[in-house]
Every structure is written in structure tokens, then in C-alpha cells.
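I have a structure I would like to understand better, so I am pasting it below and will then ask my questions one at a time.
In order of appearance the chains are A, B, C and D, and numbering begins at 1 in each one.
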Amino acid sequence: MKFDVFTEMEYIVKSESTLILNINALRTQHQTVLSEEFIVDPYIKVEELPATGGENHMVRFEVKNPGTVKVTYKATVDNSYKIVDYEGQYETPVAQFDHSILPYLYPSRYCQSDKLYRLAHNMFGHIVNPFTKVIALTDWIYRNVEYLSGSTNSETSAFDTVTEQQGVCRDFAHLGIALCRALTIPARYFTGYAYQLTPPDFHACFEAYLNGEWILFDATKLVPLNGMVKIATGRDAADTAIANIFGDAELSSIVVSCELADQGFEPLMYGHIDYTGVAYL
Amino acid sequence: MKFDVFTEMEYIVKSESTLILNINALRTQHQTVLSEEFIVDPYIKVEELPATGGENHMVRFEVKNPGTVKVTYKATVDNSYKIVDYEGQYETPVAQFDHSILPYLYPSRYCQSDKLYRLAHNMFGHIVNPFTKVIALTDWIYRNVEYLSGSTNSETSAFDTVTEQQGVCRDFAHLGIALCRALTIPARYFTGYAYQLTPPDFHACFEAYLNGEWILFDATKLVPLNGMVKIATGRDAADTAIANIFGDAELSSIVVSCELADQGFEPLMYGHIDYTGVAYL
Amino acid sequence: MKFDVFTEMEYIVKSESTLILNINALRTQHQTVLSEEFIVDPYIKVEELPATGGENHMVRFEVKNPGTVKVTYKATVDNSYKIVDYEGQYETPVAQFDHSILPYLYPSRYCQSDKLYRLAHNMFGHIVNPFTKVIALTDWIYRNVEYLSGSTNSETSAFDTVTEQQGVCRDFAHLGIALCRALTIPARYFTGYAYQLTPPDFHACFEAYLNGEWILFDATKLVPLNGMVKIATGRDAADTAIANIFGDAELSSIVVSCELADQGFEPLMYGHIDYTGVAYL
Amino acid sequence: MKFDVFTEMEYIVKSESTLILNINALRTQHQTVLSEEFIVDPYIKVEELPATGGENHMVRFEVKNPGTVKVTYKATVDNSYKIVDYEGQYETPVAQFDHSILPYLYPSRYCQSDKLYRLAHNMFGHIVNPFTKVIALTDWIYRNVEYLSGSTNSETSAFDTVTEQQGVCRDFAHLGIALCRALTIPARYFTGYAYQLTPPDFHACFEAYLNGEWILFDATKLVPLNGMVKIATGRDAADTAIANIFGDAELSSIVVSCELADQGFEPLMYGHIDYTGVAYL
């Protein structure tokens, strides 16, 4: 499926600053970037950074002089996903996880899974099928946490959200990740462009590692699971921030969009009768 | 300098469990493991894991049957360190950090640097020399945080310690890391064997990335900086736990030691008149 | 019903200290103290303090010289309680609460009801009968929070316990109070001697204000509700600490007991079929 | 000194709600309310509540029907304060505090003094004169915490502010109170109208109990200490909220003012050369 993604961000820079932006569509085996433009106006030479601490494709540049800087990113992406059937499946024992997966079991800045152990086991520990287990915790988040723009900030973590029960997509994702890890299911943060997100913005959801596949889950249920264009994955939002700013620069405006550049899109959401997960590769 | 390091840990295992231990001396360019033994009694085949999310050399094994399991680790290590002079140096701009260093700038589970930004800048922001800056924050921790065994637990983080001002080596390290990151100095957790630590135990301190070198700092001032045998580095204790246990197993006893297997050890601590840091490679 | 209550506490005092103890059985309309002894050995003149910030009967004394101080308290108490029937009852509107009740609606040190608003409403908001509502949240605490000696400390609050799901009687009480207040039900901390508590110790539970009566609830379900001898009530444990110590004194031993001094005790616990609450007056 | 104080608040009420407002100038020995008007439009009969849990004069009323409700409060107040000299004074021992003062030593919702014990002692424990000690901690807050509208919310507590070092008057007051209590100085929250506050709003500061007098301190240094009209005192903002709303009502606009109705006002701020405190009675 093809998507046109677009970001325009304007920064007011007051003193020499370094910006690291994380807005590029990832290039993976099944996500091809057909065309791409990254423009900084006024012109600044940017540096593309190899991935670190997860999947990402960050861009770094220095703004030497105060003023307004506009960043425009456009890409056309052709991506695909895989359907994985979990009917009759059991959880993978920790002894069989590839070593590279282990960091996604540990607690992180916004996902204090160590504090949610009992709660996660009390609520979801009895469910045998791993896919059903993550569906159950995703549904619990969806039913209990209210989506409220502006209700949380960059310090809000899963430990807050599990009790305060309000937040935005980032908070829904962090809570999903923390619950998975508390249940010994590796989980990571997914940030991307999302088709049919209203109002248009970057989106965050999460991936759980089930029997060898990273399966996508979205506790907000705001968008179809098959309309995502992946930007990055990481342990949580600390790894995958859209922008890291060093210096005195402030975002003054942002426009994001994700449009279908293809035909025949059939929205896919998880139901409660089957066991098929969506994996972006 | 040569050291004999030793660990003996006994676990009472109540049901099938997987243990991932992180007690092996790291093999690096300047830390040679001359001899090494890792014994599980009763015998279980163990799996050595390649490093993930930092430097480490973990060992994983499954205990299928309930009972007592004893793990013994012995090694003789020859390691060396480098002295780096920071007199007249300035901080490296973020624009020049290698991409692999960036994750050590971000907040992590126990090092919420995002919450310490103002405090760190109010207290240490005026110091120009980066080595002096980290010495200053290390000294501040040393003077203000009381070393109190048992005063904290596995959930205690830098955000707690900065106010509660009590803790163990792990807490001193987390606070040092959080303050560094808040000051845009990459920092990571260091866990190892430490010569002359009383009572003998694993030790934790931290490394700050100063002009291209990872320099060791220890806010506890409990041991010489040149008596360390590195086990692992990572973002914080979540990455570098001595043991991760999945299942129902409990540590029932532990013995750790680090002895000099050489002659002519001259203890090294940072003073306040020079600018030379210690880097383990 | 008559009970013999007893406390013996030994303090090691290292420098001049003031102790405020809160161990005396309260004298109320329905709790008569038949006989009572409060001995400090070596002898120190004590001062009985009128109640402040709740119901209590504290005793204050100064220890001028270092050494060991032993406090012994013995009393025989005759108390009674009232059975209140809530069948078919509705909640009292806030507009009708007596002004003296209002402080028990506000959040306090260990009962951050302001953070539990959504959670409390999502779980218990639909229950109409106020007694049934508090029974439901008490049962939820009982089923989900594990009673684990030593798992928490004097800083643990309801906001921690609701997620970490472990604690002691104090934590169970704080969570019950916080949930009630989040549901606009006034609630307060109750500390006392408890008959049949094993091992013997001071006990904590809570009272909810239902249609004009303070009804006792105990989410630990460790003891009969009709075997309590009230020491104090207050907003939370900050108001009703067994001991407040100013200076350098440390508790070195404690013995507490509560024995029946009567016959025909019939243990009373709330069931799920009736609507009758227990009120100590 | 005479002041005209004024509040106009508009609420959009969506369902039957009870409002408890805490905006009336307190009537005390030295604060006389010369004239006063409290108008609810459309007309609703209000109930004046006797003080509970501190000093306050709350007003309660029920809004039965959805719609807009406007509350207007106007008063002319004649108040005076006392100057207390602390030169050469020592702290009052706890053994001599009146029992009614003790609750102001305990931690409360927003003032977790129990967590600030070491920090407070490390920073201010060496200062002998109690007035100088509170001046020192007030100055520390003033120098280190940045006054930033909107940077905090109704859940922010002293434990957050001591590290995050940003906030509004409420946060400055909570931190001052918590530090005092950690130093065994009773302290309470003070809310009032403040002359020369820009932009005009309600103000919060705190009182410390020094040798028998409640002395006013304001770590924001935004207004003269002698231009305050007291509304309430309490343990913290939980006791003294301007408005407690039960039901679905939202503040849609607010105007507050405090004007001089007299002549010859000479602004008073604490300097660093004398030992004279201001006490409102």
C-alpha cells in the first residue's frame, strides 16, 4: 500500500542550537521509500544518523544563527505487513528469546514494568494465548484510559497513566508496553505516520514480541492498524522522540499528514473472534 | 594490573526458572581475561549471550527442577586504564557526538534527567571545563547523599535520591548519570568488581563521555578508581542487573571478592588540583 | 465487650529527645477506659495532649539523658459499637455534609484521592448503594493487594499501592480512604488495638462516612470488626502515627497485645448478603 | 491599612453541582471586614460554613440547573499586622509547642516533609536563629525555582518542585512549608488577596511558627508582605482550595483584584540585615 507522508515544522531559534529530528519514514525490508525530500529553510547541511538503540533514521543539523527555521519532509512510501496467526499458540519461554530481544523486557524511563508486576499478573496472568493476552490488556487500556489532549506532558509515565487513566497516544503506548514487560512479553514503542488519524499528527502505538514476530497493537483504537508508516521503534518515547533540541529553539508550528497514494485500502482492526496479528517488518 | 575476582551465589529455585547472570568480567581491548570458570552446580549447560544494549557478557540457563542451585564464577583479569588530561578543555558540542553516543543522553528508568534540567544547570551550569563539571557534581553527591545500606530498593531512582539524599552505590551512580545527562553530557552505568571495597560486593559507578573518552567517576569515593574490573556498562541498572530471574527463584546467599594478583598497586582517587581522568577501554 | 490492651516499647535514646506517643485507648461515648496505666521507666513526667486534627489522646515527654527508656501502657476498655442498616440507602449529597466532615474529602499525604478519580469511578462509580460501594472497593483491595510484611515503608502512599499491589494494614487503609474520597465519600484512618490479630501488633483500618455515621471497614480482613479498641482517627497515618520522635531515639523492641476480658465474643465480618455496617462511636 | 478586594468567577454548570468557595476575607482579631457582598447570579441561597481544619470562611451552594453561574465577591477590609523581633532568638523545643500546633509539623498532600529531611538539614540545619533559617530557605527557593505560569498543575507537590525548580506561588509555598516541617518548624499555607500582584490573582505564601507567632514568608517575592488580605490558612492547598466543585461545573472566567482603600502604604519586604518578621493575627 502506498502513502504520501508530510511534515512541516517551524522552529524559532534564539541561540545556536542542534536539532535531531526523527521524522523520516524508515527504510526496511517491507517499507520502501519511493521518493523523499528533507528541506531545511534557510538551507543547512544535514547529517543522517545510522540507527542507534532501536530502529530509527534520525537527521541532525546545527542552526548557527537565531531566526526562524522551517523543516519540510515529504515522502512516498510503499509498505506491507504480514498477518500472523496465533490460534493455539503458547508463550515463548525466556530461555528461547534471542539476546537482542532482552532489552525490551527491562523497564525504561516511561515504562516502569517493575512496578506493575502484580497488577499485570492479577489482571492478565491467567490468559494462556499470548496474542489474546495482549489484546486483553490493550482493550483494558482502551476501556479505562480516557483520550484527552493536553492531559499529560513529557514526564508522564505508565506508572502515572495506570492510575490517572487519562492521556494521549504516547501514554496509551507506554502503558501497553509496561504491562507486556511485566508479563515477560518483550514490547517496544512504535512511532509513525498514521492514515485516517484525526486531527492529523504523528502517532504512537506499540509492538509486542510474540513467538518471534513484532506484532502491532494500538490501545487508542483511533486508526486502522494497516495504515501506519513506521518512523522508529525503541524502548519508549525517550528513544524515539520526534525532536531532540539542544539549545534554545522552540517549535512554533507543525503540520503532519499521511494520505493514501493507492487504491483499495481496507481498514483493519483487531476483532475478538480471531487470532491474527499484524507485523510490520 | 592483575586481579582475581570471585562470585558464589546460591539460589533456591521453587519452580522452573530461567536465570540471566551478568557477573562475568568483560573482555575488552585493555581488559584481558587470563583464566575463567563458570560453574553451575548441579550441572546445567549455560549459554553465553552476545552483548545487547551496552557492553555486557551475560550467561543464561534454565533450571528445570526445584532445588538449590549454586553458581561459582572465578576469573583472573589483567586490565589497564588510560589517563586523560582535561586541562583547558571545553565540552564537545552535541553536533559532534557520534550517533552511538546519543542514547546515553536520553533519560532512562532510573535516571530521569529530563526532571533534573534546572537543578543541574542552577548548580553546575556555570562550570566551563567538562571534567571539572563532573568532578563538581560527583563531589556534591558525595557530600550530600548518605551511604546507608538498605535505605533504598530496586525501584529507587535518581529523582528520589536527589531529594532523599540516602542510598547505596547504585543510587549514587544513577544520580551522577542523571545530572550529567541533564547537562548534555552523555553518561552510563558501570558495574564491576572493585578492589578494596568493604564489605566486598559488586560495585556500581558511572562513566561520563568527555571529549571522546568514557571517563570513570565514583561519587561514593569508597574505592580506588584503578581497582575496578568491568562487568558491564549500560544506560542504568535496568540494563546491567547482576541477575534477571524469570520464574520462582530466590537468592539465598552471595559471596563476592576481588583480590590483587599482582604487586605495586598504588590507589588512585581524583584530587582537586589536576584534570586527569581515568578511562577503562 | 471488655478488652485488656497492652503496649511495651523500648527506645534507645542517644541525645535529648521529645517523644509523642499515640497508644492510649481513646475515651469516647461508647468506649470507656475502666483502668489505665502509662509508665515511663526511668520515670519521666508525661503530658497528656488534648486532641488535634482528628480524634486522639497523645502523650508527650522529654528524655533529657541518653539511655534506654521503656514505656509500658496497660488498659482495660469496655467498648461497644452500633449496627447501621444501609439497605435501600442512597449517598448523602455534598451539600448536606456537616462542615466538620469536609476535610475528610480532601487528599492527604498518603491518600492522593485527586489522582484516583477516574480509576475509582471506572471501577465503582456505577454502584448506587453507598455501603455496597465501599464493600466493593474493600473487596477489590483485599483480592488484589497482597499482604506482605516489610514490602512497604513510611513513605508508601495509596498512589503506590494501587499499582504495586502489596503492603501492610496501613497501606490497605490508605488505599481504601483514597478510593472513598475519590468517590466523594468522606473517609478517615483508624488506628487501634485489634483482638485476634496475628502476630499481635497495632492495627490500621478505615472509616467511611455513610449517611451520617462513620462505618468501619478493613480491607485486610485479618480480624473481626468488633474486636477493635480505638486509639485514634485522622486523615491518614501522618495524623495518627503511633510515635513521633524528635531527636535521636530509636525503637529497639515492641510488644503489643489485645486480649478479651469478657466472655461470649462472636466475631463479626461483613458478608455479601446484608447491608449492615459497624460504627464505633 | 484598608483594602478593597474583589472576585468575579463565572462557572458553566452542566449538571447539578455543589460548589464550596473559599474567597471570603477572613474575620480575625486584626482583620476587620468593614463591608462585604457575596452575590450568586442567578440567585441561589448560600450557606456560610464555620472553619474546619485551619482558618477559613467557606461558602457552599448548590446549583440545581445547568447554565452559567456568576459569583461576585466584594469586601472592604481593615487589617493590621504585628512586627516581631527575632534577634538573638532560639528555636522553640517541640516539647513546648501547644498541641494545636503539632499538625503543622506533619507531612501533608503537597508537603512531603518526611522526604526532605536530609536535604533540609544539609542545607539549613546549621543555622541557629529560627527566623534567619526560614529567611535562608525562602531565599534558596527564590533563587532556584523559576516562576513559570502554567508549568505545574494541581497535582504538583513540594517533592516535585524541589527538583524540577519551576512553579507558581502555590508551589513556592508548598516547598517552603515542606522545608520548614523537615526542620521541625511548624508551617502552614496562607492564601489571600495581595496588593500589587501582577497580574492580579489570588496569592499563596506560607506562615512559619516561630517562638509562638505565625510569621509570614513569601518565597516568590512578588508582593509586599504588608499588602495581604488573608482568606484562609491550612496544611496546604488541599485544605484551602479557592473552589471545591462536586459535579460537572467548569470555571470559564475569573477576575480578582486587591486595591488600596487607604493612603500611605509603605511596601515591606524582608531584608538581610534585620530580624523582624510580619505576623497577621
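Basically, contacts are C-beta pairs under 8 Å (C-beta built on N, C-alpha and C of every residue); 3 or more make two chains touch, one makes a residue touch a chain.
Here the structure is a predicted model, which means the values were calculated and not measured.
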Fraction-based call for chain C against chain A, same above half, different below: same
When the Cα trace of chain C is superposed on that of chain D, what is the rotation angle, expressed as a multiple of 5 degrees? 180
Pick from A-B, C-D or A-C: which pair repeats the contacts of B-D, with over half of them the same residue pairs? A-C
Could you please state the distance in Å, as a whole number, between where the Cα atoms of chain A are centred and where those of chain B are centred? 30
What is the distance in Å between the mean C-alpha positions of chain A and chain C? 46
Chain C: which residues touch two or more other chains? 115
Among line, ring, star, complete and other, the chain contact graph is ring
Run through the chains and report each pair that touches. A-B, A-C, B-D, C-D
Give every residue of chain D touching chain B within the complex, in rising order. 115-116, 118-119, 122, 143-144, 146, 159, 162-166
For a test of understanding, state which residues of chain D touch chain C in their complex under the given definition. 18, 20, 49-50, 52-53, 58, 60-62, 93-95, 99-100, 102-103, 105-109, 112, 114-115, 154-155, 184, 238-239, 241, 244, 246
